[in-house]
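What follows is a short report on a single structure.
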């Protein structure tokens, strides 16, 4: 039996995103150079929320794209099923931009590594930063996030699931015990 | 399979004896003394050295195949007269006729002598067929007279059709002096062109060049008319198409020196079985569609087709383990013949066992002019003992031929040869 | 899930899997339009391009697809005449497999040869054209090009014009297009169209003008010069007059007609230059789509660990 524990509610998530938005605006003097790239699947709606927040706050429309890192994953020799390809959608030039990569959970760092490779196919940004809603530790690569909603240290056998109303029925962050 | 010399006195006990010549069936024992039939009836076991229990088994004439390729002389890697005779014994055959498309061609009396001399000690009676034309080139007649004197039982350029109608006519006319049949591999080479399989729906799907059925039937028709014109004996080998059956049937009403054979593989398969490009089903003439297959079966039932012949054609592994276009034509068929024919004709088509036995015994012997009265006191034992009920799965280990190019491997067959007795020897299936 | 070990042909190939290949090919086409056109999806995978027939275009298309996927590739060109003499097809196949490779892309003049290859080796096999049988990657790129142009394949009227009898492109296109719900008509000299082709679900029409009027797109096959002069096609000019997609014929039509050709083109025989170079022709789009389609197929076959899979 898996027992799931809700760590963050929907309003908690909104507050975390607002805080990350503030930090981003504070951190970069030239907001017009910022672009958001959401990593499929749940990095995309989080990036959309950040974009909307910054538009409300500064009236600047930050360009936004999405990244599908399937072609850059390093686990194809292990995986049994083909992941569904969502496609990368970047309709602007990345050269000299400040790219804020957005994902829901930072764990091993392998997804971010693949995302960095994918970005490299599109150009040479001046800065790439990483914003995540949850950092649950257990890094396997030398990667860290610049903007973190919440650090949730996890043990073996624990997982973190982020559910968002854009893609799921419920919204919240859950700690999952067991293999679920 | 084990082959042993017959003991001086052997009792074949409790056999169900089917004599296809006398069309009789009875339960009896047969005593063999020094390889000859000494007594038939209820026999007391006195000083018998060996008894073969034939309870529940059918005893009948040894099978005769008038169309095999033993590749001897020339291709000992595929088959020899020795290995071919083992293959024949395993299939219940005690008498076979070998085709002359060897290397060199059997187109002279010396080659006929070679086969006859080399076959003498072998357990199976081997009769050479001489070629119609020198080197099977289809141009000049070979020494048919001298070959006939040396023991050739028929003439054929099998493998290569005699394209030239005049050559065929002259050959038929010439053969009349010897009273033996001409056997022409009937395929019009121009119409066949590069055909690799039967032309039809399946060849279109597979992208393989088609060999149309008319390539055969048009030459069968020519040969029938030439036979009628010349008054010669014509035997049509490996009939494969519905139209050929039709023409033969029509001509048989007008002219009686025509006979025809069909192979087990043309009875068993249709061209849909080639979907996996199985090179063991590449054969000339090709496996036809199901309509032709049905016509062949009908032709057997109504007597248009006289006999079964295997066209046993050994090829090495590397000649078959290649792409379909490059693979050699032909397949081996002696060991599997009875199980295939019994399954198709008896189990599926309701032909009686005795009629099937006739197709394998008295019919081919009659075409070739061989002795047919085999179940007589004093005759050399030339017998086969069958389990007509046994269902079995044909395996490579059942093959005695040097070559293994059989499409029947892993097929379920019905009816199995248990013992073959011929030329003083007895073969026991394992 | 893509449960195929090999990619040998489109006959009986499931419609949803064809769609999956096409959809994935569009993703790879996006990759091909990036400044850096390479992804590491097949890093460490070794693929042999085994070509027993000259085909510069198909080989380059495959090679490029493999390089864009970061696979290691080796090209092996052999003439079938050497096969006929000594080493058997099986020997060649097993020799190559002994070098520890993951997949073989094979072009061979014998129908069924790619199927035979799967019997001799464990590596995955992609059919790059087996004689007059199938050329499934060409059909995928043709269908991808159709979908790109029309947004769909279903219910479109597609004509295939030329030597249907000897064409692997025609067979694979017929299987694929019928499976995807298109209406297919074949058109060409009656002695180059098998009588029973309608069993595959296509219509036959020997009148090029009617076919051009009917079609949304025409796929024009190269008329092989070898067919000329052996009684099958009397002359180039007769072929052009009876079956050529000429500018006069195209101009007579009111609506736009999409023109496809697998190449190489015989200008002035099966197609006029003005037609081949017109805006209606998507011949060059087909070339890029060919790379994307082959990336898609290789990725779907090789981009995951093998489990028990169906052949096909």
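Chains: A, B and C, in written order; residue numbering restarts at 1 for each.
Assume a residue touches a chain if its C-beta (ideal position, glycine included) is under 8 Å from a C-beta of that chain, and two chains touch if they have at least 3 such contacts.
Please read all numbers here as calculations on a predicted model, not as lab measurements.
Distance from each chain's C-alpha mean to the overall C-alpha mean is smallest for C. With every chain reduced to the mean of its CA atoms, the largest distance from chain C is reached by B.
Chain geometry summary: the mean Cα position of chain B and that of chain C are 45 Å apart. Chain A and chain C have Cα centroids lying 41 Å from one another.
For the pair chain A and chain B, the distance between mean C-alpha positions equals 77 Å.
The touching residues of chain C, when paired with chain B in their complex, are 11, 83-84, 88-90, 108-113, 115-116, 120, 130-134, 168, 171, 194, 196-197, 199-200. Chain A meets chain C in the complex at residues 68, 70-74, 76-82, 85, 87-88, 117-118, 120-123. Chain B makes touch with chain C in their complex at residues 200-201, 204-210, 276-277, 318, 321-326. Partner chain A is touched in their complex by these residues of chain C: 1-2, 23-24, 27, 30-31, 34-42, 44, 299-300, 303-305, 307.
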